[in-house]
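Note that chain A is present in both complexes that follow, paired respectively with chain B and with chain C.
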Partner chain A sequence: MTGAAKYTEDVSVEGALHAVFVRSFMAHARIGDIDFGSAVGMPGVVGVFGAGDLDLGPENSDEVPDVFARPMLANETVRFVGEPIAVVVADTLAEAMDAAALVLVDYDPLPVVVDPEEALARGAPLLFPEHGSNVAVERNFTSRAPREREPEVVVTGRFLNQRLSAVPMETNGALAVPDPDTGGLKMWIPCQAPHWMSREISKALGLEEKQVHVVAPAVGGGFGAKIATYPEQIVVAAIAHRLGRPVRYLEARSESMVAMTQGRGQVQHVRLGATKEGMITDLEVTNIADQGAYPGEGSSLSTLTRQMASGVYRIPYIHYRTFCVATNTTPTFAYRGAGRPEAAALIERAMDMLAQELLMDPVELRRKNFIPKEAFPYKTASRARYDIGDYEATLDKALEMAGYEKLRKQQQERRAAGDVKQLGIGLSCYVELTGFGTDSSTVEVHEDGSVSATTGTSPHGQGHETAWAQLVSARLNIPHERVQIVHSDTRLTAKGDGTMGSRSLQIGGSAVHGASVGVLEKAKLLASHLFEVSVEDIVQHDDGRFGIAGVPDSVVGWGELASAASDPARLPEGMDPGLSAKDKFGYDDNTMSYPFGAHIAVAEVDTETGQVKLLRHIAVDDCGRILNPMLVEGQVHGGVAQGVAQALFEEVVYDEDGNPLNANLASYDMPTAAELINFETAHTETPSPLNPLGAKGIGESGTIGSTPAVQNAVIDAVNHLGVRHIDMPLKPERVWRAIRRTAG
Partner chain B sequence: MFPRSFDYLAPESLDDALSMLAEHGEDAKVLAGGQSLIPLMKLRFAAPDYIIDINRITGLGSVHENGSLSVGALVRTHDIERSELIRRRYPAMAAAAPLISDPLVRNLGTVVGSLCHADPQGDWASVMLAMNADIVCRNGAAERRIPVSEFVQGPFTTTLDPTEIATEVDIPDPGADTFGTYMKLERKVGDFASVGVAVHLSFDGRKVERAGIGLTAVGPANIKATEAEQLLAGAELDGGTIARAADLCAEAADPHSDLRGSADYKRAMVRVFVSRALNAAAAGKAA
Partner chain C sequence: MEILSPSSLQEALLAKSETPSAVPMAGGTDLMVELNFDRRRPDAILDLTRVPELNGWERADGVIRLGAGVTYARLVAEIAPELPGLAIAARTVGSPQIRNRGTVGGNLGSASPAGDALPPLLAAGAQVVLASATGSRSMPLTAFITGPKTTSLEPGELITAVSVPVATGPQQFSKIGTRNAMVIAVASFALALHPERQAVTTGIGSAGPRPLMATAAESFLKGVLDEEGLWDTHGPILPAAAIRFGELVADAAQPIDDIRGTIRYRRHALGVLARRTLGWAWGDLRKGSR
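On to the complex of A and B.
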């Protein structure tokens, strides 16, 4: 660590103005007069803008009816605490802040609905009365094959997959600088997909996409919450464009906790049926997805939950209903896993309930129902097409690492002794889906023998600079330190879909690989032309130089080849100048890769206080062929930490008036290293047949696999007391209450 | 947020500090460790015109015994955490210190400052209630002693005068045969207490000679569980006594429901912690 990375806030631009947003204090209200009066005259204030002052249309989404479109600044109605209403622009941040405090907004309160199930009910307050209900989207899904047989045993549950805050270390912000050359803007934005930013902002401002040049400098974490183009970013761009002056904003933490999209937020009513022998017959789910105040793109995520609801099991029949509902809360969108952790939690929790009902070991029940490894590619009843898998292998490895039998024996001993502290062992076998979109790469060797590779992915901590350089270096036999990876700049890279959804290596990396192979082929052709031999006679030596098989004296290096490639006189006929090649990679429609794994958590529960102590966490993940074990390890550790956080600690809480109750880091219980333990990790490698690297995603697996394992472990510790289910986060009081309820 | 602007004063002697305080009174706040005051100012819940920083004053930073234990106004929680004397003779203090916030706060935050801040979720007040400590205050040339039980009045409220500086906390000699502990339920490491229980016992043979119990975060101020203390004084720690004492403490608690837990959960945790502490003390006697 050098501390030298430059974040958006570190980009210094002379004369940049500071924008501070005036945000709603009310969760639902009609806006009356907005008084800018005293703010306008404050020292340093350049302008105060409301919805009517900027010519910006609302943001529509194909996922929901247009009525749900979100205005850039609230006009007429505010629908969540934190919604921006106006913006003050001043010479300094302090001046903008002081002036923003003087903007007076007249609120006429409207009835509030916070709970997504209440939002569904007849007579609930409506966020968009003209729509007639809070349901933005309703989907009904039934698997193609009819129900094979009636279940003999049924378990049902209502599972809360609670709302979470992403809390990246760096909050949201933007710096917009007018570019006189294009008549557009250059923008620095902490984001996960700069090309998407450029597309959305140019559209909003009525500019050409190439007029909005977006750079994502060092980005301090995203976790899905930096995918969306935020109204604040568009507003800042519009003001810079209008004033012809640079404008910047950076959220304070307490702003970020209400303005940044939140994740999860599902209520799942689940019914899982099986035979007496434990063979699953059917799954029925009603899923209520809380989209917050402005249902939009986030409404697509519950489709992923449905697609992955089968998990790693053969489930012949699935019926699945989804309601995407509006509530007076911060809008929800992707958060590490984005729809798939909710699916894993759903099915893995139901499997444990079924095991408990059948008095069967949860391991045995899972084994009975696994999709066998011979069955791939496998199409599930929930209509996902799994590429490849070996679920037994990951489970076997995890059980062995955990010493499962011995743990069960220790658990029995504690139960028999009636210990205050009981032991729980939780299992989760998961599968998820990764790898959407397309990406391009151009790899070019320069005359000094170095090489550069562009990528459409946009790393913000994932280590693509390292991993992509490894790919290039390995293909071209050019030392790692002579490879430069160019990313996160819309002017320097071809369009790509950024970094999210665990897509980067398999899609972006495959394009880098393909372009590298292209350069190697071109180099061989060029060498054969220079040596006047056939290309089959060209060999690459261990030092990276090219020569003729059996003729040790004739060699040409990468730099010389690059010089030759730029000299039309030395190029073979028909060869484009420049020692470069381009590749584009993406899967066919409806094709994805499906990483999988098995996690085992061991937890101790204090039955008198409900306190949970995580003792061990074993993660066996299969992300296909591993390119860089250290980077994979980093992703697993971070993912497991965030998964444990959902299981035990984090939850966004609102009161019934829609006031956020823990929108700061003093009260939002994000765990730190002090709450966590050493994770025990391992991998199996089942290469994906879908890409040349055999890779599948790993960025979200840790989050998806760990959460149900930890939740199951805690419940397993007390299920002999009659506890069947406890909702997340498993805070001491919830656990204590569950024990008391059954004991009483 | 940023604090409102203020004047910063840094006296070199206690007398100077007191005269500055006499001059500015309620417009001034005394800064010791700043671990509560600065966050309050940052949120603009406090906006004093003057800050009187007492950190340059010598003689306020020592922990020493002289018939009783004196902890000066500039003694940091970290000093208590590392003190061999405290570990040997004042186990309740030794148990509480490492559970207070995080190392950064403990490095700067002071014991006396925590008492003056009087946050009902503060840990030190419960320990001092259990140990029957007094606060020593100076006002000009006058000095007075106030039992901590009278000093802390309610949430963020003490009997300290605006022109007074708390110079030390004075803790009675616990005797040769003691037991003490501090138990804290927290949502995560470094958090304020959801529930805290301080227990201090002085023994005479098998009998409890003197008992002190302080409760954190279960009322508008830290609570001294006097009925349980009286029950325990002169008693032996058998199962029935322990259960009755735990019940009395749970009854003494007056918690309210919030994000950290419901009132009845917090009350139940007081019972569990007191019972665990007294059982540990009894086990120590039996051993």
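On to the complex of A and C.
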């Protein structure tokens, strides 16, 4: 760590104006007069803009009816606390803040609905009355095959997959600088997909995509919350474009906690059926997905939950109903795992309940129902096509690392002794889906013998600079310190889908790999031309130089080849100048890779106070072939930390008027190092057949696998007291209440 | 906003008498949060970090006079054996960074019902020392904190020190929070045993408008210990007595419902904390480790 990375806020542009947003402090209200009066005349103020002043259309999404479109600045109605209404632009941040405090908004309060289930009810306050209900999308899914047999045993539950805040250390922001050369803008935005930003912002401003040059400098975490192009970013771009002056904004933390998209937020009514022997017969789910105030792209995530609801099991029949619901809360969208953690939590919790009902060890129940490794590729009843898997192997490894039998014995001893502190062992066998979209790469060797590779992924801490350099170096035999990875700049890279959804290595990395192979082939062809021998006779020596098999004296290095490649006279006929090659990679429609794993959590529950202490967490993940173990380890550790946080600590809470109650870091319980433990990690490697690297995603596995394991562990610690389920986060009071309820 | 930076106690008291509205600041771990949330906009801040008289501690006649500017980190490092209950609480305050900045004086000045240092100070029988340009006075902590975030501090006064009797018996502290570090406690409890005068004292935190003493619980426990001669024999306290002690502590609390916890849970948790701290403290006494 050097402290030298440059974030958006560190990009200094002379004369940049500062934008500060006036945000709603009502969760639902009709806006009356907005009085800019005294703000306009404040020192340093350059402009104050409301919805009518910027000529920006609302943001539509194909996922939902147009009526749910979100205006860039609220006009007529505000629908969540934090929604931007107006923006003040001034010479300094302090001047903009002071003036923003003087913008007076008349609110005419409307009834508020916060709870997604209440939003479904007849007579609930409507966010979009013209739509006639708060349900933006309703989906009914039934598996193709009919129900094979009726269940003999059924467990049901209502599970809350609570709303979370992503809390990247760097908040959202943007810097927009007019570019006289293009008549457009150059923008620095902390984001996960610069090309998407460029597309959305140019569309909103009526510019050509190439007129909006977007750079994602060092980005301080995204976790899904920096995927969306935010209204604030579009507004800042529009103002810079209109004023012809640079404009920047950066959210304060408590602003970011209400403005940035939040994640999860599902209520799941689950019914899992099985035979008396524990063979699953069917799964029925009604899923209410809380989309917040503006259902949009986030409404697609519950489809992923449905798709992954079958988990690692053969489930012959699935019926799945989804309601994407509007509520007077911050809009929800992707958060590390985005729809798949909710699926893993749903099925893994239900499996534990079923095991409890059948008086069967949760390991045994899982084994009975695993999709066997011979069955891949396997199509689930929920219509996912799993590429490859070996679920027994990850479970076996996790059980061995945990010392499962011994743990169960210790649990029995504590139960028999009636200890105040009881032991719980929680399992989670998960599978998830990764690898959407396409990416391109151009790899070029330069005359100094160095090589550069572009990528459409946009690393913000994942270490692509290291991993992609490894790929190039391995293919070309050029030392990795001579490899430069070019990323996160829409001018310098071909279109790509950025970094999200655990896609980068398998898609972006495969393109880098493909382009490297192309360069190697071209180098050999060129060498054969220069040496006037057949390409089959060209060999690459250990030092990276090329020569002729059996003729040690004739060698040519990468730099010389690059020089030759730039001279048309030295090129073979039909060869393009430049020692470079391009590749594009993406899966076919509906093809994905499916990483999997088994996590085991061991927790101690104080039955008198409900306090939970996580004692151990074992994570065995299979992300296919591993390119860089240290980077994989980093992803697993961070992911597990966030997954544990959902199980034990984090939850965005609103009061009944829609006021956020913990929208700051003093009260939103993110875990600190003091809450976490040493994670025990291991891997199995089942290469994916879908890409040349054999890789699958690892970025979200930790989050997906860990949460249900920890939740199951806590409930397992007290299920002998009659507790069947406790909703997350498992804070002391909630655990204590569950124990108390059953203990009578 | 004006920032006043006195470099001696005399300067500080003078500044406070000239600008009574100036808000004193030591580590800033409470005040900066308040400013950041725009809950307060004082016209002046009185920075006390450069006042040497506030930054020391001394021991005289069995009492530690702890300067208001002594940080939790120093307290833990330097005075833990003398003030064990306060030291346990200090170790649970925030994070290392917060313990390096935060001070007991600040905790007293904020007078939050959730201030971690307050229950052990109550149990230890602390006296708060106040000074103004015209003189100084001291008063028991019970009298100093008058309600949620309100104190008997007069406009021209500063907290200069807190006088805490050196422990003569075991002291314990325990709290429950929604995570381990950097969180406001759901409930906390401190207990001090005084074998030399055969007394029991307590402090309840986060479960009332201000830190409270559970006097009925104290006299009940003293009664049990006296009656059964346990002060002398160091014999075991019967579980029923420990449970009753916990119930009386829970009864003494005046908690509220908020995002961190409900009335019911806070009372329940206090009962458990009281019973457990008693178990630990009595165990310490029996082991003879003071």
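Everything that follows uses one rule, which is that the second predicted complex is superposed on the first by the 744 of 744 C-alpha atoms of A that agree within 3 Å, B and C clash if a C-alpha of one lies under 4 Å from a C-alpha of the other, contacts with A are read in each partner's own complex, and residues count from 1 in each chain.
FYI, a contact is a pair of C-beta atoms (placed from the backbone, for glycine too) under 8 Å apart; a residue touches a chain by one contact, two chains touch by 3 or more.
Fair warning: this is a prediction, and the values are worked out from it, not measured in the lab.
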Task = Once the two structures are overlaid on chain A, check if chain B and chain C clash or fit side by side.
result = clash
Query = Regarding the shared-chain residue A:Val653, is it in contact with chain B (first), chain C (second), both, or neither?
reply = both
Task = Once the structures are superposed on A, label A:Ala94 by its partner contacts, choosing first (chain B), second (chain C), both or neither.
result = first
Inquiry  = Which partner chains sit in contact with A:Trp468 here, chain B, chain C, both or neither? Use first/second/both/neither.
reply    = neither
Message = On the A-aligned overlay, A:Thr609 touches which partner chain: chain B = first, chain C = second, or both, or neither?
response = both
Message = For A:Trp188 in the superposed arrangement: first (chain B), second (chain C), both or neither?
response = neither
Query = In the superposed arrangement, which partner chain does A:Phe223 touch: chain B (first), chain C (second), both, or neither?
reply = neither
Inquiry  = Looking at A:Ser667, would you say it contacts chain B, chain C, both, or neither? Reply first, second, both or neither.
reply    = both
Task = Take the contacts of chain A with chain B and those with chain C, and give the residues found in both.
result = 608-609, 611, 649, 653, 661-662, 667, 669, 671-672, 674-675, 731-733, 736-737
Request  = Could you pull out which chain A residues touch chain B in their complex?
outcome  = 94, 97, 252, 608-609, 611, 649, 653, 661-662, 667, 669, 671-672, 674-675, 731-733, 736-737
Ask   = Where on chain B is chain A touching in the complex?
value = 1-2, 185, 187-191, 259, 261-262, 265, 268-269, 272
Query = Which of the residues in chain C end up touching chain A in this complex?
reply = 33, 37, 95, 176, 178-184, 186, 259, 261-262, 265, 268-269, 272-273
Request  = Please name which positions on chain A make contact with chain C in the complex.
outcome  = 254, 608-609, 611, 648-649, 653, 661-662, 664, 666-667, 669, 671-672, 674-675, 731-733, 736-737
